[in-house]
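Several structures are given next for inspection.
Each of the next two complexes has chain A plus one other chain: chain B in the first, chain C in the second.
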Partner chain A sequence: MRTSTKPSKLSLLWLQGATCNGNTHSFLNYPHLEAVLERLEILYHPLLPSRYRIGELEEVEKCHILVVEGGVREGVKRGNREFKELLELFIEKAQWVLCVGSCAVYGGLFGERGVALKGEEPTPFYLPKVINIPGCPAHPDWIATTLWAVVEGRELIRDHLLRPKEIYGYTVHAGCPRNEYFEWKVDAREFGKREGCLFYELGCQAPYTRGNCNQILWNEVSSKTGVGMPCIGCTEPDFPQENLFSTKTYMGIPARFPLGVPKRAYLTMTGVAKSFKIERLERRLFEED
Partner chain B sequence: MKRIEILEKVEGEVFLHYHYRQGRIDHVEIEFPNYRGMERLLVGKPLLDALVITPRVCGICGHSHLIATARALESMASMEIGEKAREIRRITLSCELIQNHFKWLYLVILPLLEELGFPKVPPFQGLQGANIAGKIIALFGGQYPHTSYAIAGGVVCDPTSLDIYRASILVEELHRLYEGEVQRGGEPLFDGKLLLNRIARFLLDHGVAELGKGWGRFLHLGASEAIERGERREASTEKIEEEPSRLGYATNLLYEGKYWEVGPLARRLSDPLVAQLIEEFGDGLLSRIVARVSEIGWLLEEVRESLGKIDLSQPSTLPFPTGIGGYGEGIVEAPRGSLIHRIWARDGIIERYTIWTPTQFNLANGTRENPSVAQKGIRGVKEGTVAALIFRSFDICSVCTTH
Partner chain C sequence: MARISREERKRQIMDTALILFSREGFFEVTMADIAQELGMSVGNLYNYFTSKEALAKELILYISKLLGEEIRKINFKTISAREKIGEIVRFYFVTAKERPELIEYFLRIYLANREIFKNGCEGFLCVSPFVTEIMIFFEEGVRSGELRDQDFFSAFGLFMGYLGGMVFLMGEGMLPNEIDYYIEDISENIYQALKA
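Right, the complex of A and B next:
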């Protein structure tokens, strides 16, 4: 006979530093949120029903998972306390610390630093219990599956910046629907068309930005590069760079190459690809024969 | 007697410094505690980078900030975008409002009503509504939140007819959810069994329907309208004044030297249901809540209409000049009301950027003698939960307010 036992819940506290709340809302978009929340006891979340109010956090004795959203910055208040004080208090108490979004991970747009990193430099909170989930915002699937791993008691393999490799081992370029245009070096020269690669002229950073956006898709339906917007490198420590809608080049050669690809290899492949003209890729996709 | 309370679930928090007289709230000082410095961050950046930066003002209404930036840039270049881009932007912007209203109803308002005795409603149906609206945005914008798909001159996407059908199917699903759970258009407000019917009856039975009245002055800047005591006149952003903060980091916004209300109540005054409620119960709690919730129904109609109007053969974007300068202004009807971005630039570089947000109008921190709309609304209330409900009926956004 099958028996159904209710699995125990792990407690979670979601703390915000200097933030736009983008990760809170990104997570709320997770389509199977109810199933994930079944396994969690929400001590505090900025919007979901919670056991404590923001002014009562000092009463929280134990918290298994601390989720941090937003950069670490002097003067940010949560309830009657300084965010930084609460952060230190709960990092101490928590078994796991999930930093969601690029602000909490690296410092991002608003922070003086992230939790465990300042850019790429470790802070005193660079600890084995930290899992970094950068992105602006972090994808709901990244937050949900990482939480699930913690709930199941599994450890995720992480890179030197404490990011799960199964998410950030890929580049955003992998799975981009415009890959054929990249392979054959057919550039999009203007926005608003479904044809052409955005890497050469329009600022796309997908070939050197980590993340699996184009494999798992956003909101289950699309991605930035899928609709024709350049990847802006939002999972990287140097986000946001400048001139996000045009590609920086030196003598016509992109200033940055695809992740791990040496300049010589890149130029050789580009030269070969460019020496052929693939008629099908030069035409509009639905143009009649 | 003075007491400070923290109001949460308002995209951050607000400190409310209540002053009581004979057991009733006599005055409240409103303090927004956190500041990030968005406007300063933008100075010295290339103009187009603002399209990526300003959505990060806010996780729940960042798309409105994107559209405001795009419009400000286009105004600087004195250009009009094409019809296709205009319809697509109307769809995604309306969907942002829809997701906002679902979340506000299910996550912000219902938990407070529950404290007052309303039966518990789990948040998941509301989140499903928000989720579907986000999917529609992503079909055109690639993702939600935080896309920058609306660029100066149009939109980057080049949807296929199947994308339009996908969006249409999602709109119908959303409509089914809305009409099945929340409100059915044309049905009497106080009779039905749906959520909004039950809320309306509850507010009435609880004796709070008429609390929280404003000044009867409404700004709908997206339509260039100022409506005072039922009379409409042409509005202009030149009449907006920014008053320095008396407390915390937010600045106050006034129009013609007075405090006005912005938001769904201001922009849906011609909805017969809203007009009737204002007539009967005034511009208070009931009217404000019903105006926001029933705006979902209107927005769904607008999205349907735009989906039907898009001509896919038109260009998605028009060329935008490089290295421009001067002044540009973008006005958007954001979820919480009129939002204004103003940019000053030289040679393609931002010299000054100002953001005026709806909550700076509605929750301005005025004085006892000259209170803002929310401060006026709260006066005379006894119970803290009811006071919180009045505040939240404005759908406050703390992160936008201080940006």
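Right, the complex of A and C next:
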């Protein structure tokens, strides 16, 4: 006779610092949210049914997973407590700390710092229990995958910014449907068109931004670069930069090169590519457009 | 006599061909003339270059690498863009004086006979080592704030067109002074035109 045992649940506490709520919304968009929630006991979440209310968090003795959304900033109150105090309290109590979204990771738009990092610099909370999931917002799949790995006890190998390599080991450029245009240096000069690479004119940061956006897609449909909108580098410590929709150049040469590609190598390759005109890539993909 | 390597032999052939082309004109010189000048059989020459066209393409790549390597050394120096301009102009003019066949080939054969180079030397393909270093010179000058940001070709044309024009005048015997007489003024003119 088989005995069915219910898988154990891990307790989760979701704290919000200085935030726009975007990562919560992203998580709620995860198509298999119910399956993830079945494995979690929600101690507190600002939107999901929770065991405790915000004013009762002092009663929580321990939690397996602390999720932090939003940047760390003086004066942000949650319930009757300073957010910073609650954060420090539960970093201490939690087995795992998941920083979700670029504000919680680096400080981002709203914070003076992130939890474990201030930009790229470690804070006193740069700890082995921290997993950083940057993005603006973090992709629902990144949040769910990380939670699932923690629930399953699967180790996530992380980079020096504590980001799981299986998500952030790639650049957003990997898998971009416009790679042929990048290879042959055919520029897009307008947003929203199917054709052309967005790197040379329109500010695309995909060649030096980490993330698997073009491999897992957004809303299971497409990606920014897929629909003709440049990657704005939202997973990186220097996000947001200025002039997101034009490529900074010095005498026509991009100010930043694809990740790890030396300047001479890049200029040599693009010089060669630009010497040829590939007719197919100069035409519209769909004549009907 | 010690045997020389295939690469050295190739370089010997290219150096000889450049001098012959410069002296007699590209279309007047045959593969047989080059072989004769080198004291080798025509058949053997074809072991190194399968045709005069193939030789022509290798020559432009050879010159481009040679010029590119020197400009690269200048790019690596920790000096101002203004000083780099001076060094590039000096190097270019001294090369034009000491080895006029190099620059002449570039100006009179490569630029003037694009049909010879249309297959295999499209665009910047055969001059990439040289153009890449010039690009890096400009890019670093703008990045440091010393040069004005502008379209690459506007700046490239001003710099290289100017130098090419002077060497062309020199080749025609129309300059009243030796080419190095003009180094300082021309460097200053280029800097004034490009500075931020």
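The rule we apply is simple: the second predicted complex is superposed on the first by the 283 of 289 C-alpha atoms of A that agree within 3 Å, B and C clash if a C-alpha of one lies under 4 Å from a C-alpha of the other, contacts with A are read in each partner's own complex, and residues count from 1 in each chain.
The rule we apply is simple: a residue touches a chain if its C-beta (ideal position, glycine included) is under 8 Å from a C-beta of that chain, and two chains touch if they have at least 3 such contacts.
This one's a predicted model, so the numbers in the text were calculated from it and none came from an experiment.
Using the contact criterion defined above for the overlaid structures, shared-chain residue A:K193 touches chain B, although it does not reach chain C.
Judged by the touch definition given at the top, the superposed model places A:M229 against chain B, while chain C stays out of reach. By the touch criterion stated above, A:G252 is placed in contact with chain C alone, chain B being left untouched.
Once the two complexes are overlaid on the shared chain, A:V272 sits against chain C while remaining clear of chain B.
Of the two partner chains, chain B is the only one that A:E242 touches; chain C does not reach it. Of the two partners chain B and chain C, more residues of chain A are touched by B.
Residue contacts after overlaying the shared chain place A:R264 against chain C, while chain B stays out of touching range.
In the superposition on chain A, A:Q16 contacts chain B only, with no contact to chain C.
Of the residues of chain A, not a single one touches chain B in one of the two structures and chain C in the other.
Across the complex, chain C meets chain A through its residues 122-125, 128-129, 131-132, 135-136, 138-143, 147, 149-153, 155. On chain A, the positions that touch chain B within their shared complex are 16, 18-26, 28-29, 31, 33-34, 46-49, 53-55, 75-80, 109-110, 136-137, 190-194, 213, 218-229, 232, 234, 240, 242-245, 286.
Residue ranges of chain B in contact with chain A, taken from their complex: 6, 8-9, 11-13, 33-37, 41, 45-46, 48-49, 51-53, 56-60, 62, 103, 107-108, 111, 123-124, 127, 130-131, 134-135, 137-149, 151, 153-160, 166, 315-317, 319, 399. Note for the complex: chain A touches chain C at residues 249-253, 255, 263-264, 267-268, 271-272, 274-276.
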